[in-house]
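Step one of this worksheet: look at the structure below.
As written, the chains take the letters A, B, C and D, and residue 1 is the first residue of each chain.
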Amino acid sequence: MPYEEDIKQKLTSKFAYLEGNARVTRPRRIFLEAGAENFSEIFDYLVKQLNFTHLCTITGLDEQDKLSFIYHLAGESGVLVNLKTSVPKENPVLKSVIPYFAGAEIYERELVDLFGAKVEGLPAGNRYPLTDDWPVGQFPLRKDWKPAADKENEVEKDA
Amino acid sequence: MPDTNKFKIPFGPQHPALKEPESFSIALKGEKIMGVDIRLGYNHRGIEKACEERTYIQDLYLIERICGICSHSHSTCFVQAVEEIAAVEVPKRALYIRTLIAELERVHSHLLWLGVAGHEIGFDTLLMYAWRDREVVMDLLALLTGNRVNYGINTIGGVRRDISGEQIEEILKGVGILEERTKYYIEVATQETTIIKRLSGVGVVSYEDALKLDAVGPTARASGVDRDVRRDDPYAVYGELHFDVITDKHCDVYGRTVVRVKELMESYKIIRQCLKQLPDGPIAVKVPRKIPAGEAISRYEAPRGEDVHYVKSNGSEKPERVKVRAPTLANVQAVKHMLKDRFLADMPIVIAAIDPCFSCTDRLISVKGVNSKNKKIITWEALRAYGIDWYRGRGIDFTKISNDLRKRLEGI
Amino acid sequence: MIKKAVNWARIKSPWILHFNTGACNACDIEIIAALTPRYDLERFGVILKGTPRHADILVCSGPVTRQIEDRLIRIYEQMAEPKFVIAVGTCACSGGVFKGCYNVKGGIKSVIPVSAFIPGCPVSPKAIIDGVVKLLSSLEEKPKK
Amino acid sequence: MAGALFSILVFPGLLFVSLFGLIAEFIDRKIYARLQNRVGPPWFQTFADFLKLLGKEDIIPTEANQKMFSLAPVFALTSVVTVFLYIPLWKAEALFSFNGDIIMVLYLLTIPTLAFFICGWYSKSLFSRIGSVRCVIQLFAYEVPLFMSILASALLADTWSLRDMVVFYTRHPYYFLFNLIGFGVSLVALLGKLEKVPFDIPEAETEVVAGAFTEYSGRLLAILRLTINVEMVVGASLLGAVFFPFGLGFGPYVGFIIFIFKTLMIMAMLSLLRTIVARLRIDQMIDFCWKYLVPLSFIQLLLNLIAKGILSR
């Protein structure tokens, strides 16, 4: 039975509530959804037991009333688990995964800058990717943010 | 530099490297680098937001211009994700052409890197010859796609140009010449004592660290991490081709050089297989403008490492979200680790070893005495010259082997 | 008469300063390729100079991102009169593909006056040489001052 | 009076030397480019550069000290040109000569370096500060061997004036063989003075952008570049006169051609050296000079003393 089915099998048996939403869209791809409360439990299980040792990246999504984040974890033989969790937009608080992946720091800073997420456990450091003089409270990748907001100083100077 | 006080060198970029230009601020104690603080985002252009305002086809042009050297990687990765959502059956011939261009791009990128690495350590003859040979593959790419860089050969559902018979002859001839030359480069990279002395032990990342820091591509493979998207998660036609993944145990810049130079040989093997097994048939299939709702993530083995694209569609003709993670973003974390208590002289080659883009070589570094107020500015070239002299003082000098490399390569 | 002589000198020895304003550096590689043996711009007396003080022509590649904008203006002001600006690559000419991105201001001309545009993505070394020569010959008909 | 004015301003003076300097720079760049199989600049390139710079606007940075900033280049140029008046071109008789003019010539050659230091220091920009400091550091390294080797050959001819020295050597043509070591040492030391690679650390193009001249532009930069070119010509002709004093008796025209030939030969050697060797670091440069050049010049001195002893008996 193909590798990703077996992973899905293990996951659903370990976590009953995952039964409904674990789906395999194509070979080597599993999409999962987990509430904020049992997110870290699944994450830990995936990384520790199922040996998903490579965090490709973390994608931020603005879904109207909530912000959701997909953790793309890659394991052996190319299987990619996309673990999605969402937090209410009012207080988008996330737990940092730096203890598992030191490389995640840069991805989490990007979430902070572009989505306004608050990541606990993120060490102090340079902001990424926006400039230091970027107006506070403006999160470019949010749907409600329009680039026109700061376009007014675009002056066309001819030669 | 007086040994007592620590120097803080902001290593600001005049030129961006890859998607996110890197600016390193190095705390120096005399010659030793104590700490590195990385500041990214200098040329953040807001591509991901722009993608949400354009249709899929328009996005293709945008995605292709993320990075100057591996434009085909980004466009293939994006196109694969969209095709996956739209559940489009891409014709086999198109996949073969895509793989062919991908490997040609890897050859051109690795040759470019080989030249830059030679330049960083003061072995300029290698730069001259690697770039001279690179023109062979650039001409091939221009022949096939009409442009030296940013080929624009991908479209959603296939490729835009077909390959004719004599173009195949041309490629085989070109690959023959390149293979001959690469043999010399492998010989130089693996047996030349000065290179070995200059590069080994520099920018070390152990196997565990490479895993923990999520390094990708040749940087990871040189530390023994056996991870290659072409084999683990085969896309396009890599499933039907056989090639082996080069790994190396040196865990340092020398290992990365060996991995990249040997990967060139693998690429030639793949190119030949593609040309031999090229099936007939259409090169593209019509895809509706509106992509059904769904999400997909696609991975691609770019010359610098694993490139990840996540696309989410909402049924309209514009994607709802496009997420791109360039390979260097993953490797940049490892640089901080590699530079720890190395010498300042090693900095250019260590940073060049993760193969950020060519133009970062004109960066400006300002050396600031922590307590003395005057700031000493040295440019990237100066740092390179400093590194070369520093090592020449320790008996590593390339002038001799430059001549015999020139003699041998003159023959071909 | 002196005017003609000085003008002739200006045409014959253009010193350039290369500055990358947020490009994906495909154009930078082509600019460097234009200076290497195969194309060799030094035949026209073009030398790559380090400081804005010495340079006559500022060669910019890339759309001006928000962060690099003030540096570009500062470098432009440091250059000695008579100075010219060449925008290399479509991004520098008009912001190219990145026009409209929130962090990009558009082409070079939205920040500093530009004398010559060399389109192309990336621009080929031949086009760069052609652009530089055209800019120089344009000086002949109407001397700047 | 007119004759003297003519010779100062035109013939061996300003006009001729700067013209020769520009041609010298062209030859240097052409050889350099050809060795990298590049085409290299056209013949009129250096004239175009010079003329263009004259036409450009002079920016004097506000925080720089106006007077010194603009005075130093002129100061450097004048000192270098005056040196040329003392070098015997084609007949033993230089324009002006007095006993002890060798010492004066050598010191006049040092003034430009000090002037560069002043240029760099007073333009108050960080780059030029570093460049100018390096200029002076380098001065100590190459000055001693240069003086030693030239004085050694003067010692052999036991006179302090260039004219008598040249006369002495034309009478004993073989003696110049003694000075070959001195010639080698002073050739390398001259490279340091002219700040050519491998000693171009103060003005290292990529290193400190343009060393002491970073803040200069327009006319002042033109003067500075001219000074360096003229310095090259003067240095080469000085070495020519001191170490290869033959070909002086043949009257103005033939002698002049031989002089031009000699100087061009030395300059070709300089640019050849320039292409082969990479740039040295400042500390490496200093210990290179003190470890190799100075002992060599001592040996040269010793050799000359012994030779003098034997010959005079």
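We take it that contacts are C-beta pairs under 8 Å (C-beta built on N, C-alpha and C of every residue); 3 or more make two chains touch, one makes a residue touch a chain.
Keep in mind it's a predicted model, so treat the numbers as computed, not measured.
K.L.:
Quickly list, by label, the chains bordering both chain A and chain C.
P.N.:
Touching chain A and chain C alike, sorted by label: B.
K.L.:
Return the chain whose centre of C-alpha atoms lies at maximal distance from the corresponding centre of chain C.
P.N.:
Measuring from the centre of chain C, the most distant chain centre belongs to A.
K.L.:
Consider the two chain pairs C-D and B-C; indicate the one with the greater count of contacting C-beta pairs.
P.N.:
The greater number of contacts lies at B-C.
K.L.:
Rounded to the nearest whole Å, what is the centre-to-centre distance of chain A and chain D, using the mean of the C-alpha atoms as each centre?
P.N.:
Centre separation, chain A to chain D: 66 Å.
K.L.:
Whole-Å distance, chain B centre to chain C centre, using C-alpha means?
P.N.:
Taking the mean C-alpha position of each chain, the two centres sit 27 Å apart.
K.L.:
State, to the nearest whole Å, the distance from the C-alpha centre of chain B to the C-alpha centre of chain D.
P.N.:
It comes to 47 Å between the two C-alpha centres.
K.L.:
Distance from the CA centroid of chain C to that of chain D, rounded to the nearest Å?
P.N.:
36
K.L.:
Out of chain B, which residues touch more than one other chain, so two or more?
P.N.:
If we look for residues of chain B contacting two or more partner chains, we find 41, 44, 46, 49, 379.
K.L.:
Among the residues of chain C, pick out those that touch two or more other chains and give their numbers.
P.N.:
37, 50, 67, 100-103
K.L.:
Among the residues of chain A, pick out those that touch two or more other chains and give their numbers.
P.N.:
130-131, 140, 147, in rising order.
K.L.:
What does chain B use to touch chain A in their complex?
P.N.:
Residue list for chain B touching chain A: 20, 37-41, 44, 46, 48-49, 84, 211-214, 227, 229, 232-234, 294-297, 299, 306, 308, 310, 312, 321, 323, 325, 329-330, 332-333.
K.L.:
Taking the touch rule as given, give the residues of chain D at its contact with chain C in the complex, in rising order.
P.N.:
33, 36-42, 44-45, 47-52, 54-59, 127, 205-206, 209-210, 213-218, 221
K.L.:
In the complex, go through chain C and note every residue touching chain B.
P.N.:
18-20, 22-30, 32-33, 36-38, 50, 62-63, 65, 67-68, 71, 91, 96-98, 100-104, 121-122, 124
K.L.:
Which of the residues in chain A end up touching chain B in this complex?
P.N.:
By the definition above, chain A touches chain B via 25-26, 28-29, 31, 53-57, 59-61, 70, 72, 74, 76-78, 80, 82, 101-107, 114, 125-131, 140-141, 147.
K.L.:
In their complex, what parts of chain B are in touch with chain C?
P.N.:
Listed in rising order, the residues of chain B that touch chain C are 14-17, 41-47, 49-50, 53, 61-62, 65-69, 71, 112, 128, 131-132, 135, 148-150, 357-360, 362, 379.
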